[in-house]
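I've put the structures underneath this note.
In the two complexes below, subunit A is the common chain; its partner is subunit B in one and subunit C in the other.
Showing the complex of A and B:
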């Protein structure tokens, strides 16, 4: 090849390279199941682009069960999104796999002071922070007042404890034949039930599972007995909250434990049931904690500019953006110290949706993401689920089931 | 074609044209079938989580599955073998689906009005996605759904507490197997219909004229003529049964109490929930070996599919 050809070749390569050099750099962020909030995210992206000339944002929304695969595929092909919103379970699993970058190595320490400590702890694994909390949502209790009246119960005086809710549920079933409640105990959710009741999962050093004490067995036995007497639908063991919500929406469930964000959806799904629904704060048990699902932004391994990606995650979850987002949803809560104190979140009481937010706000200070992070989580969670179902469906005693789980967990932790 | 002809330039041209036609499909097969098989086999001997490159570990994954070598103290992987046993139970669908689809094919193998409508109707479940089928049968099996209604009317279920078949560990696998049977029937019916139509009618007529009963004609003329189709159908349905996943994923998620957990569900969990792609590939390879074994058994039972 002579020099003239080399020159032509070099110029061609150079010309191809020019447009990409002139092009804006794009950062991509991914959200979970928020496709209906384009009216929030589009202005958010415009604000970002105005504040950061030369940078543009790309927003992708994915269903919850597709996010982990998207990240892993992105990491494997060297093109992951820059910031990804996930729940604590997902973030901890990916952190264990080494698919996420520890954010405390990318952001100054003062950044983390913005967030409420319990929210941040939900995304901390082996002393490293893998997610910046974005929003949280705690549970409330919703009652179908028509069913309550048929059962002779007073909707204006709802129970304030879980045993109280169970007593109401039994009365509803006995007097109307309709299921009173549908406990959220499928999969590994019973671990949250233990914690809400003040029962520990691990010993103090977090080396051994201890949830087979007589108190743990008694709590599980209570649900075994309830199922045996058909006080809650068996479908919830298989389909969890979806089954509970379907029954409640169809007017075939007296009480549901639900996130306040589902109230606007109920309004559309069955307006008649929404109109006869009343809400109350989730009862607080001996654990003095209430499950609060928390979502956070994480930065996958292999992003082109880790510091820029972490800065994007911090910007997406700053005071202003969290406040705007939770005001837009009307039923979720910010996780930054300052935004969470906004009077909006302790006001309300107009329509049912606002009452739901207010009911959730009353227990939000006790809200913790009670997901339990364990290594080899798929295997451990499967053993938990299988044994719990075996107990609920009468194949094993409650004690045997918990003993078997604890034995397996302690051998594999 | 004789060997002398193979050296003929005309033969070479024909060969070239034949390969020319086959090449695009072979290319697609190479990328989407042969390469994944080779790569999957390689992965079975590695530790791989998509994030770091595969690391060669030799037979370690198999040792873990079988509980030997470095894993001798832990015993075989309980979940995998439990899943494999459930998959083998699933193979019980095979003879049933063959018998029913042969029967169905014989029913629709006649020229009567609207027979096309019946054939189409039986085939509709085959082309319906498992997401839809799973949802529909989930409702059918609901505690207060039509299946339980019939079972309580037949006094097979307690009307006071009609438990869903999918929520009962003793019946869940059978309930899902029935859905597989229902969905697959039309597919095998069409294959058997083609098989029936390829049997020379004069053979059956001759047997009848010789005084054979209808059953004798079926037993000694129709069935031997169907043997190649029986081999194909039983082979396909055995492989599908061992690989069963979609139905389980949509309808039960492996529960209740692990009663519908199958070998392929284990492979899925190991890869996509536990991110152990190497271990999942090793389990997949063992399942493929079992499929191969059952395939050979099918060959023996159907005498190599030779029509007599």
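Showing the complex of A and C:
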């Protein structure tokens, strides 16, 4: 271990205490769906290696649905990657499965002060921090202006509320036969819909789930009715955003709720659709919050040197690296207090990708990762998903579905 | 066994005792728990209903005894021989003998309409089968007969007769039956554990009248792809053996080789890097259909699969092509566009298979999806068999009708969610589809998981079998018990033993009227609907009153004892524990506690309790392991479905007296709860 390595990590020797045997080894970090950013990660690894002779970094990028398996397999075989980037739902599930190390015990308290509090809270369960936030992305709304015009809608005056988006979506389907929108309500995403609409998930003491009130039932019923009349494709209940993006990319969807970081990808995947796309901020509902998907680096249980792995996670997510990364993506936002204040993130207005960043920036102050942390989240979330689908696909009434979820949750909270 | 009588607990007196015995304490062990003997602490029982439910059936009160019954096969078709094999296997397992073919007092005839006498008799009884795979069946005091419309019909009928077997003979019945869907398919896997699993699974699936098996073959060690052999893949010889086994159990094999997407097998070990569809991807997923070398790898594999399986169809996948990496991703691919690449690749494989005399099956989601279906489906040959998949129960699946409307034959595919297979089968029937495919997704090398963590997927086979044969009939409710029993069928011989009264050591009531009982969640969320007294659940009897709940980390369980010692002072060959946990554990293989068995000679044996394997939460009624025996299923007062399971421990020292059993909790969220304990004088086969 040499001091330059420690300097890069920005931590004190005493706290890390990495044995010298590690000086010749490779640390592996894993990212989620960032393979197109090799031009960011390759220089990042070079910087690391230049500053830490004898140490090297290995970067692996995996699809989102392969990450958890990679960690569990690594933990089982005693050879997990050192730092893994995941979203809050994944980190919570793995933490509850005992597959992640709490970082409070591995890093000094001042490290955590670098991050915005709401971002850090998304990775905190029962007082323990399991992830260091890396970047956040607030949803925006993208419109295919060709489809809008065919439906007689004015792209320059997009709706400013979710009910307004739904009305446009219905008009598009009625007038063109093309789906107007593909709501992100699969699985536990509907819990985010409740929160954006200002409806509570728990009672004040957080002891009981309360999302079966008449207002909650009415909101779910609205989507049940929309599906019944085929106003959104059934595929989004199975494949969520993947299905929505596929449709939008194929020019078969009028409106998509999307993270701004997908605009550069759309530019590559179907340039013709990208060229006719316009964007707007995500409508803000009564909850005065907007879902901001946040990714963070976690440290799996069983890494060879937990403190070095935690230090790597801290370095990957420090001010400088978050700033560089989000500037490279042009569409995501840093989660450290300092980097988030960079004026770049409130600028925009050039091409569509810059407009998307600006649209996201307009609601970023209301951005929260709305994932709900509960004990035994894998089991509770599955019951939520099963019952939600039962309601959407007509197997249960909306009230019965929400009542059944609440019963199960309250027996297990 | 000492015979010191003690008072019968009130809870147990309040119900009629179903056994002859006395509640005793043990003189030698003054503090031993009270217990009572019973001649049938364990008693395997025949299934309550036929699975799949027959279309027309009447059952009588009598039983045809097996004494003097001879088994007569009328005809030479191999299916009739398989029927005799399966029936005798059932009788051997349950009752310990087989039926002779030497003519005796009463005949049990198996044949088809080819036999004029059988046909005439079926006609006179209004049990004449009139369509493929259909059969007529009758059992009365004079004998029994199964008459198939064709040899397969006779084979299917024998599977019904097997389920009419009781400890004293065959139940009287008159049945006329046929499948509503001609294609009833289940998905199985070829991997290194194939013999262990498939040797039992294939007969099980035949018993429940599946007609086809879709065999996942991605990692078979083909002769043509020696550079792609995965150490956990099945050999080609095993593939040949499985194909033969499937046929000998009255089903047809269809190999599944995933192509275009999900094609990781083509790249195993770093091979074929030049064929990646997305050169920038970090892990391969789809192949490049614009590279001619792709087909130099692919087509020989398809040819070999045809040679091995001799199938009517090969399923070539073609689902979720763009789900993982970008597709298309290269400039040439983007220029062509996904629809053109998809169509040309499909046609290439289709033409190759057609040249071998074999049909093509594909998944629906890309070819008929909203995004590209309009550009792809019209260009595909209409004799491609389309498998539509949707794994959520629903009132309807309109896409089935849409695919059918475009001129394609369609199969509906389901997975393990309760209700999925039935709603899919009903929709297939309405849409004029040809069948139901029950999928299983347990990893390419996960065969053994069918016995453990993915038992729920195995259980789903049974529900699908029910609905594929008879979509409109209710699915029998005891699928979990049946599935478990199907792997380890038990003789109909009772095992005696002792029921232990645990009430003296109980730490919690089953009810929770004031928030201080069961788990402290109040009267809506308790176990008050569990019947108490002597109860039989899933073959095992228990004396039930209250719960021995131990300490956990969740609110309401922190003040409970960490350990409890149960004084016994008796010997037992096996012990049945009716147990659960207060809360769920999220940790895989979480050791939530342990039993320590202390023998009278001072020796001890400790058995850790693993969540999901030996016990699960009372709010988890899914199948998680074959070691767990489904016991009671019920609801909380507010309607939440809950349940309890039995776990049986086999005593490795059956000649030693067990002085006591100590139950301990690890103190985590999933705190152990013991509700019933019974000592067995023998070891049930299912526990061996």
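Following the convention adopted for this analysis, the second predicted complex is superposed on the first by the 388 of 413 C-alpha atoms of A that agree within 3 Å, B and C clash if a C-alpha of one lies under 4 Å from a C-alpha of the other, contacts with A are read in each partner's own complex, and residues count from 1 in each chain.
One rule holds for everything that comes next: a residue touches a chain if its C-beta (ideal position, glycine included) is under 8 Å from a C-beta of that chain, and two chains touch if they have at least 3 such contacts.
Treat the numbers as computed from the prediction; the structure is a model and nothing was measured.
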Fit or clash - subunit C, subunit B, common subunit A: clash
Partner chain(s) touched by A:269 [first = subunit B, second = subunit C, both, neither]: second
Partner chain(s) touched by A:237 [first = subunit B, second = subunit C, both, neither]: both
Per-residue contact with subunit A, leading partner among subunit C and subunit B: C
First (subunit B), second (subunit C), both or neither touched by A:256: neither
Touched partner set for A:91, first subunit B, second subunit C, both or neither: neither
Touching partner for A:73 - first (subunit B), second (subunit C), both, neither: first
Touching partner for A:301 - first (subunit B), second (subunit C), both, neither: first
Touching partner for A:60 - first (subunit B), second (subunit C), both, neither: second
Which superposed partner A:402 touches (first subunit B, second subunit C, both, neither): neither
Touching partner for A:246 - first (subunit B), second (subunit C), both, neither: second
Common interface positions of subunit A, toward subunit B and toward subunit C: 72, 93, 97-98, 233-235, 237-238, 376-379, 386, 389-390, 393, 395
In the complex with subunit C, residue positions of subunit A that touch it: 35-36, 38, 60-63, 65-66, 72, 93, 96-98, 179, 233-235, 237-239, 242, 246-247, 249-250, 252, 268-269, 375-379, 386, 389-390, 393-395, 404, 407-408, 410-412
Complex contacts: residues of subunit C adjacent to subunit A: 280-283, 322-326, 338, 365, 369-372, 390-396, 399, 417, 419, 423, 519, 521, 525, 554, 583-588, 590, 617, 619-620, 636, 638-640, 669
Subunit A - residues contacting subunit B, complex: 69, 72-73, 75-76, 93, 97-99, 230, 233-235, 237-238, 301, 376-379, 382, 385-387, 389-390, 393, 395
Residues of subunit B that touch subunit A when the two form their complex: 49-52, 79, 142-143, 160-161, 163-164, 166-169, 252-258, 261, 269-270, 272-275
